[in-house]
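Next up, some structures in structure tokens.
Both of the next two complexes hold chain A, though its partner changes from chain B to chain C.
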Partner chain A sequence: MPNDMANDNALLKAFSAMHVDGAPDWFGAVTAAGAETFETLGLPTNRTEAWKYTSLRGLGGLAFAAPSADLEPVEIPRDSVADIKGIEIVLVNGRLDESRSALDNLPVGLAITPLSKAMERDGGAVKHALQDESAIDGLPLAALSTAGITGGVLIEVARNADIAKPIHIISIGTAGDEPVAFAPRNVVWVGANAKATLVESHVGVGEGSYFSNSVTHVTVEDEAIFHHYKLQNEARSAYHVAMTHVTCGEKVIYDNFALSCGSKLARNEIRGKLDGSEILYAVNGVYMAAANQHLDNTTFIEHAKPNSQSREIYKGVLDENGRGVFQGKILVQRPAQKTDGYQMNRALLLSRKAEIDSKPELEIYADDVKCSHGATVGELDDNQLFYLKARGIAEHDARNMLIEAYLRDALEEIRMDSVAQAFGAKITDWLAERAKREDAAS
Partner chain B sequence: MALLEIKNLHASLEEEDKEILKGIDLVIQPGEVHAIMGPNGSGKSTLSYVLAGRDGYEVTEGEVTFDGKDLLELEANERANEGVFLAFQYPVEIPGVPGMTFLREALNSKRKYHGEEELDAMQFLKLVREKAKALEMGDDMLKRAVNVGFSGGEKKRNEILQMAVLEPTLCVLDETDSGLDIDALKIVADGVNALRNENRGMLLITHYQRLLDYIQPDFVHVMAAGKIQRSGGKELALELEEKGYADFTGKAA
Partner chain C sequence: MAATVETIEQVEQLGTEKYKYGFVTDIESEMAPKGLSEEVIRFISAKKEEPEWMLEWRLKAYEHFKTMEEPDWAKVEYTPIDLSDIYYYAAPKIKDRPNSLDEVDPELLRTYEKLGIPLKEQEVLAGVVAVDAVFDSVSVATTYRKKLAEYGVIFCSISEAIKEHPELVKKYLGSVVPYSDNYFATLNCAVFTDGSFVYIPKGVRCPMELSTYFRINAENTGQFERTLIIAEEGSYVSYLEGCTAPQRDENQLHAAVVELVAMKEAEIKYSTVQNWYPGDDTGAGGIYNFVTKRGACRGDSSKISWTQVETGSAVTWKYPSCILQGDNSVGEFYSVAITNNAQQADTGTKMIHIGKNTKSTIISKGISAGKADNTYRGLVKVLPGAEGARNYTQCDSLLIGDQCGAHTVPYIESRNPSARIEHEATTSKISEDQLFYCSQRGLSEEDAVSIIVNGFCKEVMKELPMEFAVEAQKLIGISLEGSVG
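Let's turn to the complex of A and B:
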């Protein structure tokens, strides 16, 4: 496939062109390893099992460039960002905007350090995360991202600290006529028995096409509680590929919720290693796709020790020719007896042209476990629709009420009210957009 | 002018091409209460659905005029806004849709339809609380999602609450009495009686003569095999109670 090769090289060049100022020597080895792994694996095609339903062919046709050396002077698009009062970190095209990021005067127990500075402090969590080969092994996009890390932060929550205010990473993508590719990298370390919340808003400014290919490393030490919420509301011309690596210690509570509604093509991949007992691990989300959107949620959960619980519920709504993909795998290692795993993907198709592919998977080596998985595809319930209409509510309002109810139900999984509210507002926005489309069509 | 006039109504299931209503004739004048009784499967609910505008039925013959308008031409929501109300035999649960949001949307749809101003949340709440009180429904029931977690009897009461709020001109009650305990039956009947007036017509579908002790009908009809087989006054209900439907099912069709 000479064409594929040419595309791979062009992509790699766009990502390799970036570097982090003032990086130590070992960092060069990390990016080189990323490039090498990507070259070996190549851009995945539908023949790659893990990318069976999500084609990145569209990427090949675009000649991406690295973002300009200077930060683009963009406003934060508040309408797109999750509306919460948080400790804000702003990235523009994958580069940290220090002037708009809260790096000082942080609550006791919280430290946020630009990635480049954190690297100089050799031997810390950053080096550990970046040198972790399993973070790129067999993962072509994570490898590509590693080859061209643009910037990011190290977030450290000290042992026993309780950070009430959510930390909010706002990643803004923006491009003119020339498509731009960038690779944000954030490393999060939550100390034992600490408690914190991270919200990510991935948004775009303008109509230009960009490709955000991020990797986030999260380590949650024993008995810590970490809430991790992500809003993917990128520009509709954007590509968004995000890998999150999570490692949990003993008795950790980790709960992740991803709301995906933006971009042309997005893949939200979360790989969790439950390296302790009595962990409560949850990855949930909602995805809402309309015309020409492709939204992929891929998760991998590894139960390595006994007695932990994982919960996973994704709910999607697919309108027009929108497409959804769900791939969820639970791996239960031999020592992980008494594992309790539950996984479910529910999709609601609102149009005959909409499509969903679900692939739940269990791989179990322990003999005393409770694991279940499932997937449902449905349409709106005729009885419910008729009941609403019989009370005078017009068809399209009735439909919107039912869709809203279906989606809002998923927000119950978010443990922080202010975030549930902010995400709920995005659902309302999406439905309003949909109502506008319908009004225009009728 | 009659409030409702059904002439030779034939209706089939769209999917199975099976005729269920086989020539119904019925006239309801403003202010009248009609009761329809009849064996299971005779087509009573089907008639109520065809009147309310549910999809899935094909009217093959006949016509229905409501308030001078061709009812069959209208969408279900338009019929409701014109003043047709169906209290469902099996009220539907809608998880995630708060009952109050639903009912306010319904009332405001009707108000909009008639060019009236919509009610805000406060005005609406006041109205509903007032109506709910008469039906002995507390705030906790109002707070729940539509019919979710309601007992069978509570669901029926909730139908009457909706009816009281929407103030329709034609009330079709499909077995609203089934599943009600004696006290609830009294409360619901009082609710229905409170709505009786000279402009409003009612069609009560029921299996039990007991309901008709509380809500005195002007006419009673016996429906069997998709047709009204006999009509009479209140005494017909008593006769049915005694003799059952044997007279009708035997020689029907």
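Let's turn to the complex of A and C:
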């Protein structure tokens, strides 16, 4: 026990050491509240129900340092980043690289402001998001992140604006001798009836470890459409914990897709509050783990008002010692009659040492609802394999074809073609790596 | 035939009253002092004339219990149990053990008659069911033992088994649910007072369905039942458990433990109808039902099947589980859980796949009405060696009214690539169309709900033995009274 405490304190110290330059007074209270909440909750263990399958023990043993105040001069690792032509915002070790970020000459209706500057504006979306206690309540890692926010941006899409070009946040972690820990914080506000797309690429450079612990706040106002895609392709020895808070108004369309293939341990958590009627809310994703990777997707969907729809499909493949975790919860509050919720997790185990832990959960307090969830775990369909083999395709190739088809099928959920293509390329890369491993082994 | 007619009559009576089992029989009880202590455990053990090893096991459990904390992970809320305010032993005062039913206290027999188990007639009736009636912790009468003995089947109270078959009890007691298993099971180990013991020898198909009616009676007496069923190679047994409890104002704790052991090619079918007193509209006075039920499929191609209809109790906490150790072994769980008014149920199963080609099926139907909360909580775990394991899970919830809750919390853990696991869950309500259709045909709304819910539960109900199926169907109707209109 004392050891755990020491680890907690060391982590907290690493995060508390960070500061956003020129922050106003109220910001101090926010980080203090984050630190206090983390101290109360502590680093979660397997005994914490929400972290039952994801142990952060490895994290506690590492000594992380705060990133240096000066920006690391690193190249953007284009091979790792999603290949899309977007409005780029670059964060290095959680600090905004203003020189490489598109902060000016933006399309009409779009404003991107460094977090530090946005904070100065009193009563803005940033203050509102950061002071929201429910964003850290009972969430130890989000609280830890809040204790040491390193930087980020405020993205504002004006009412009625239609931003065709995707906004692309590239978060780079630098893996060096001394592992750094950082806490990016981005706040997104999409005005009523607006339309926009955000892509996040989380990548790393160098060999070694780092710890990215981000929090993103997304508010989508009435009748707006917001597409939100994320590629988690961190360095293979990095830790990635990301919390996304989404709030939707009336008749919003929000769709989220997360492709996870990087890091040593990752947790992608999305908490959505459907605070309006006739919302179409989707959270989907693909996860591909190999070596000793541990990939966790945790989602929480709260239906607070009647007549909304939520859809959720996660598909995973787990090779070698890879471990996948899926925890999805749908909460239907009493007033949320006529809710239509669907949740599905499919996992393929490709190795005898792989593991999948799935916990799809429903908590329902309204009677006139249609909610269902499903989960399947298994290997490739023998009939399909036989069909391909009967046509002269070698077993090894046939298997890879089926895995690729299984994964690519999930990309159908992405509504923007260029993003689907860019993410599809990552699936191809992953399968190519796998084929190489198999060749080497045989 | 006679039995069937009688069953139907009994069941018809059930429909006339909301809860007709709300009576307390006035029989003098011999009680241990209130509260939990080593002395009380020694008292229980002495009362039951147990051998030394049994007492030692109880004390070992008690020592461990003192280090444990009451679990709080289940989605149920209740007034904490004051363990010091419970009588752990209450036996009907009988000087000597009766040799026949004639010697049984007539007051007791009348109680059973009210419950619809006329023991006297049971013996006269064609050999349909053997009843090991449990009244407040001590078995008072066991029927058909002679007939069963011809087949080599042992069916007696666990206290008798401890005395008469110590080698079997010693070998299997605690082998499925160890003394340190969980808070309530450990408590049970320390203070269990009675329960049933069944032993089916190799190759024997038990000639009749074995049945126990549980009944909680004396005020403030926690009921700590212990049941142990062993099915040797190639044997088969179907066991029925049914429960009612009289109305009262104080919550009653019930922490039972059931252990099943199935050897090679053996099959155990365990069916439960539970309609203990659920408390009044606010839940006051209902039974706390914290039960640990677990079966081990030890041998290859063995099978354990749990079927339960849970309509009673204020709070239910129950997860009948299967440990599928033997290759090709099969585990099944069929459950209907109905909660109305202020009832809370957190129930489900665990299927642990260890052997090759092990199969499990889970069908759970949860019905929630009034202000009740109904949770399915289940675990399907496939270990690396469980080559070709297969699981199918279906959890359906039905909500009646807008003040209740239905929750599904499945855990699915797989560590074998050849395992196939499927889980499906749905939540819905009774549609206006269904109700309209029924009322058009002259059915009252209440009858319509009963019919629709019975249809919803059909997959589970068909797993119940005949004797239970009729009663259970009626129970569903009774449990949901007042939930509509």
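Quick note on the criterion: the second predicted complex is superposed on the first by the 442 of 442 C-alpha atoms of A that agree within 3 Å, B and C clash if a C-alpha of one lies under 4 Å from a C-alpha of the other, contacts with A are read in each partner's own complex, and residues count from 1 in each chain.
Here is the rule we use: a residue touches a chain if its C-beta (ideal position, glycine included) is under 8 Å from a C-beta of that chain, and two chains touch if they have at least 3 such contacts.
The shown structure was predicted, so the numbers you read here are calculated from the model rather than taken from an experiment.
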item	value
Chain C versus chain B on the shared chain A, clash or fit after superposition	fit
First, second, both or neither for A:Met401, with chain B first and chain C second	first
First, second, both or neither for A:Asn7, with chain B first and chain C second	neither
Which of chain B and chain C A:Thr150 touches, first, second, both or neither	neither
Partner chain(s) touched by A:Ile393 [first = chain B, second = chain C, both, neither]	first
First (chain B), second (chain C), both or neither touched by A:Lys359	second
Chain touching more of chain A, residue-wise (chain B, chain C)	C
Touching partner for A:Ser372 - first (chain B), second (chain C), both, neither	second
Partner chain(s) touched by A:Asp382 [first = chain B, second = chain C, both, neither]	first
Contacts of A:Ser101 with chain B and chain C, given as first, second, both or neither	neither
Lowest C-alpha to C-alpha distance for chain C against chain B (Å)	11
Intersection of chain A interface sets (partners chain B, chain C)	none
Residue ranges of chain B in contact with chain A within the complex	52-55, 75-77, 79-81, 86, 88, 91-92, 94-97, 101-103, 105-107, 109-110, 113, 145-146, 162, 166
Contacting residues of chain A [partner chain B, same complex]	382-384, 386-395, 397-398, 401-402, 404-406, 408-409
Residue ranges of chain C in contact with chain A within the complex	73, 382, 384, 397, 399-429
Touching residues on chain A, where the partner in the complex is chain C	49, 334, 337, 347, 349-379
